[in-house]
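Shared chain: chain A. Partners: chain B in the first complex, chain C in the second.
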Partner chain A sequence: MKTVRIGRWQLFLLTANFTIGTTVFVLLGTLIEAGRQDAWLIPLWGGAFGCALAAFWSSLLNRYPGHNIVGVCRIVLGPKIGSAVALMYVWYCVNVASWVTRNLSDFLKMTIMPHTPMHVIHVMFLLVAGYAVVKGIEPIARLMEIFAPIMFLSFWFVLFVAVSPWEWHHFRPVFGTDLRATFLKTVSFLGFPFMQAMVVTFVWPFAGRKAMLPFVGGIAAAAVSLSAIIAFLLGIMGIYRSSHLTFPLFTLAQEVEVGSVLQHLESIMSMIWLLLIFSQLSVSLFGAFEGLREIFRLRTRKPIVAALILIISALAVTIEENIQTNLEWNQKYTFPYFSFLMIVVPLVLYAVGWIKRRTRGKTA
Partner chain B sequence: MVNVIMNKFRIRRLPKSVACAAALIALLATAGCWDKTEMSDLAIVSLAGADFDPESQKNIIYYQIVNPSGVAKRRESGPATPFYTFKLEGNEKIGELFTDTTEYIPRKLFTAHYKALIISERLAKRGILESIHWIESLTDRRSSVPVLVSEDPLDQVMNAFTPLERLPGEAIESELFITRNISSAFGRMIRMNNIVKRMDSKRATVVPIVSFVGDPQKAAMMDRLDSVRGNTETIKFDGGAIFVRDRMVGRLNKEETRWYNFLTGQTRVLLLTLPEPPNPIVETVQAKVTRKWTWNEGEPELNIVVRAKLSLRRNTSFIPMSGQTLKKIENQFNKHAKTETMRLIEKWRDKGIDLFGIDEELKAQEGRKWRPYRENDEAWKRIRIRVTVQSQFRQLGNMIRYIEGGTL
Partner chain C sequence: MTVSYAVLLVAIVVASGIYLFRKRFWSDFGVFAALVAAGAALWWGVWRERPFNPLLLIGKAIDAIGAIVR
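Right, the complex of A and B next:
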């Protein structure tokens, strides 16, 4: 059987796109409201935290080559307890996929397709992502490799075209806000999207031994990109307006007007976002599937992915009432919820693994 | 034949149940059908208006809907009017009032490309927060639409025809954007999103004022388009309405509007007749207005520097041409521009209106010594302002020597 491998560049793109994913549309207004003129700093400190955490996860996974976090749980904690803990990661992937799917339908219903039922949007998108997962991680990674440059160029083209109302005083006084208070207000941002990036580690067994650098680099690139996007929003739209809009980036693209020729560029933004969501959804669906496959030693793909699609499409409807409740939930619970799975459990795994190795070494 | 192709490409025949399921799933791919839009189902809005009647406490809205057969080449039969104006009034809020269109027209309102929003002066003075929310809350409307204030009853302005352009919306758009290189009557920051952007600031936004000229009774008649009189029974621009946050707080006359647009960098063109003999008509062909904050004698100071390249190409007065005369005119321009700038700033600062965003800039200053000024909301009124104007003739027009008239 052919060994599936993804390249370092592909892993970098997968990580960066996964981290930018829904953040770029859902969270920007909230961040600008919290950080005001210094909001562009928030992704930078979030990214620094994310990179440190990613390095920690990488060092944990590198100790068990060929295994993802589910495999590590089973090796370190034994098949029973390990599988129970690993199931939490599978659930987490399902959870992320549901959020992403719901974010997508919220966006589409609010902007382009107000009359299309939410369920149809969920099922359609999940079917596409599910098909990609059935075909394996390679097609998903290749797709990102093909589309990422196009997405990058068209995204920044739209922002640069919209730059004419730029005003520098929106950034001043620099560091004029209470940075400590801003940090405390945006702790949830460390969770979503930076801790969430752990889902990408499910592709670790396919990424070869030197996966740490592209993984950490992807998170860093996403942080810098988010910071730059916030800076553009601040410079062009100002603090007040960008923090009052649900999808400020969409509005920004909508209002681009270069003469009477170049107008209404929001469709470009929407397409980019659909591709970003595709990467996020397919990777989290892949994570859930890989987790289940490893725990239950499954050999078939299609029935499992079909079942996951059914669960996620239903969960996406009930996971939040609306975007406001989603943002409030995110503010309150994301950090503690994600911390448990992304910091506490990996630390325990690290410690138990270390103790086990030492004990084994002494016995030997 | 089908079998041959299938054998050639090794395509297996699907079981009927699988084929049915595939077809049903493929139907889902037509998700867009829920939101399908046919051109013939749309009523394309070209211009919108909002008003409030304080006596009846009713909201009034207007919209002009394009009549495709009227805009297209004129036909022998069928309605020839290029648009219809609908007026809706009621005690409901604006958002609800707009949905009442279904009582009059069998189409869906399409507001993605309307060209301008005209607000009556009485509503502008009362506050346009509701209109702002109406535009911002739905993504099928753009906030980048220009806002105009009508000093005449909106009924007249919304029912007026315009010469050359058959749709007033198109006429307004052309007027605002095509003439920008010729005149400084209109700035760039006249859109709804400019007003919204400054909602947390004292900084004013100036939008054009429109009025109606001519006999209101004749205005709505199509016959008017057959008249050769271009500037009667139509709409006309005159001055600017000053908005601070969502309210109109004053108005600039035509001259002040031009200076405002020039000094805020919204236009590089300024045409003016200098008050001193030989009263030349001077035009700026290139200009840059910069502002610099300095600290002078223990007090902050705002330095406004105007650098302009001048032209005489629109001049119609006699000038005895020489390098010395041109230097004299440059000095006259510098003096005049300085006086006008100071007059405009001080006039509105005395009224408590921050036309030039002095407060906003003061609050953006960095460093500890600026702190008392940043934290004082009234500090911008006391700031010392220094204006420097530097100009130089670059274009003289087609007359190197002017013609001397009178008797020999």
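Right, the complex of A and C next:
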């Protein structure tokens, strides 16, 4: 059987795209509302936290080469308790996939396809992502490798074309907000998207031994990109407009016009977002499948992915009433919910693994 | 359009179930059946306009733990 491998550059792109994913459309307005003229700082401290956490996960996974977090749970806690804990990570991947799918249908219904039923958008997109997952992680990583430079160039091209109404006074007074209060208001941002990046560690066993640097680097690149995007939105649109629009980046692209030559650049933004969502959705679906495969020693891929699509397509409908309730839930519960899975459980795994090694070393 | 996509999804799921049953991959079939049952229950809730939102349960659990800690 062919050994599946993805390169370090591919892992970097997967991590960066996964972290930027839906954040770039869903969360920017909320962040600008909370951070005002200093909102561009929020992704930077969020990214620093995300990088530290990613280094911690990497060091845990490097102790068990060839295993993802599900495998580590089963090795450290034993097959029964370990599988029960590992199922929480499978659920988490399904949860992220449902969120992403719902964000996509919310966006498409509000902008481009208002009359298309959301179920159709969910199933249509999930089938494409499911097909990619059935083919394995390699094609997904290759797709990112091909499209990421195109996405990067076209995205920043649109932003630079839109830069003419830039006003520096939108940033004044610099550091004029209460930074501590802003940090407390945006603590959920540490969870979504930075803690969420743990889903990418399901790719870990395919990325070879030196996966830590591209993984941490991907999170750092995403943080810097998000900070730059917020700075652009602030400079061009100002605090009030950018924080009151549901999709400020999309509106910004809609307003760009260079004579009668360059128009409707929002279509480029939509395509970029579809690709980002594809990367996020396929990685989370891949994570859910890999988790189940490891726990139940599954032999087939297609049927299980089909069943997962059935669940995710339904959950995407029920998981929120609308974008507002989603943002409110996110604000209130994301940090404690994610902290349990991304900090508490890995810490327990680390500690139990360390104690086991020590006791084994003493008895040997 | 919704109906055609529903038929497509059901057809894929049924074909997958038949494939697993005929191949006698019982472990895979068990997991598949459990997932399909969960998916069908969720869709039933959507159909009856009584959607089940697991995030509300998670929120309540976090509130309860927060109250205990406080």
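What we mean here is this: the second predicted complex is superposed on the first by the 364 of 364 C-alpha atoms of A that agree within 3 Å, B and C clash if a C-alpha of one lies under 4 Å from a C-alpha of the other, contacts with A are read in each partner's own complex, and residues count from 1 in each chain.
By definition in this document, contacts are C-beta pairs under 8 Å (C-beta built on N, C-alpha and C of every residue); 3 or more make two chains touch, one makes a residue touch a chain.
Please read these numbers as outputs of a predicted model, since none were measured by experiment.
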item: Touched partner set for A:Leu308, first chain B, second chain C, both or neither; value: second
item: Which of chain B and chain C A:Met124 touches, first, second, both or neither; value: both
item: Contacts of A:Pro336 with chain B and chain C, given as first, second, both or neither; value: second
item: Contacts of A:Pro173 with chain B and chain C, given as first, second, both or neither; value: first
item: Chain B versus chain C as contact partner of A:Gln254, first or second or both or neither; value: first
item: Touching partner for A:Thr116 - first (chain B), second (chain C), both, neither; value: both
item: Touched partner set for A:Val4, first chain B, second chain C, both or neither; value: neither
item: Overlap of the chain B and chain C footprints on chain A, listed as residue numbers; value: 116-117, 120, 123-124, 127
item: Chain B-touching residues of chain A, taken from the complex the two chains share; value: 110-117, 120-121, 123-124, 127, 165, 169, 172-174, 176, 237-241, 244-245, 247, 250-251, 254-255, 257, 264, 266
item: Partner chain C, residues of chain A touching it in the complex; value: 95, 116-117, 119-120, 123-124, 127, 292, 296-300, 302-304, 306-311, 313-315, 317-320, 329, 332-333, 336-337
item: Touching residues on chain C, where the partner in the complex is chain A; value: 1-2, 5-6, 8-9, 12-13, 16-17, 19-20, 23, 25, 27-28, 30-32, 35-36, 38-40, 42-43, 45-46, 51-55, 58-59, 62, 65-66
item: List of chain B residues in touch with chain A within their complex; value: 25, 28-29, 31-32, 34-35, 112, 136, 139, 142-144, 189, 193-194, 196-201, 360-361, 364-367, 370, 374
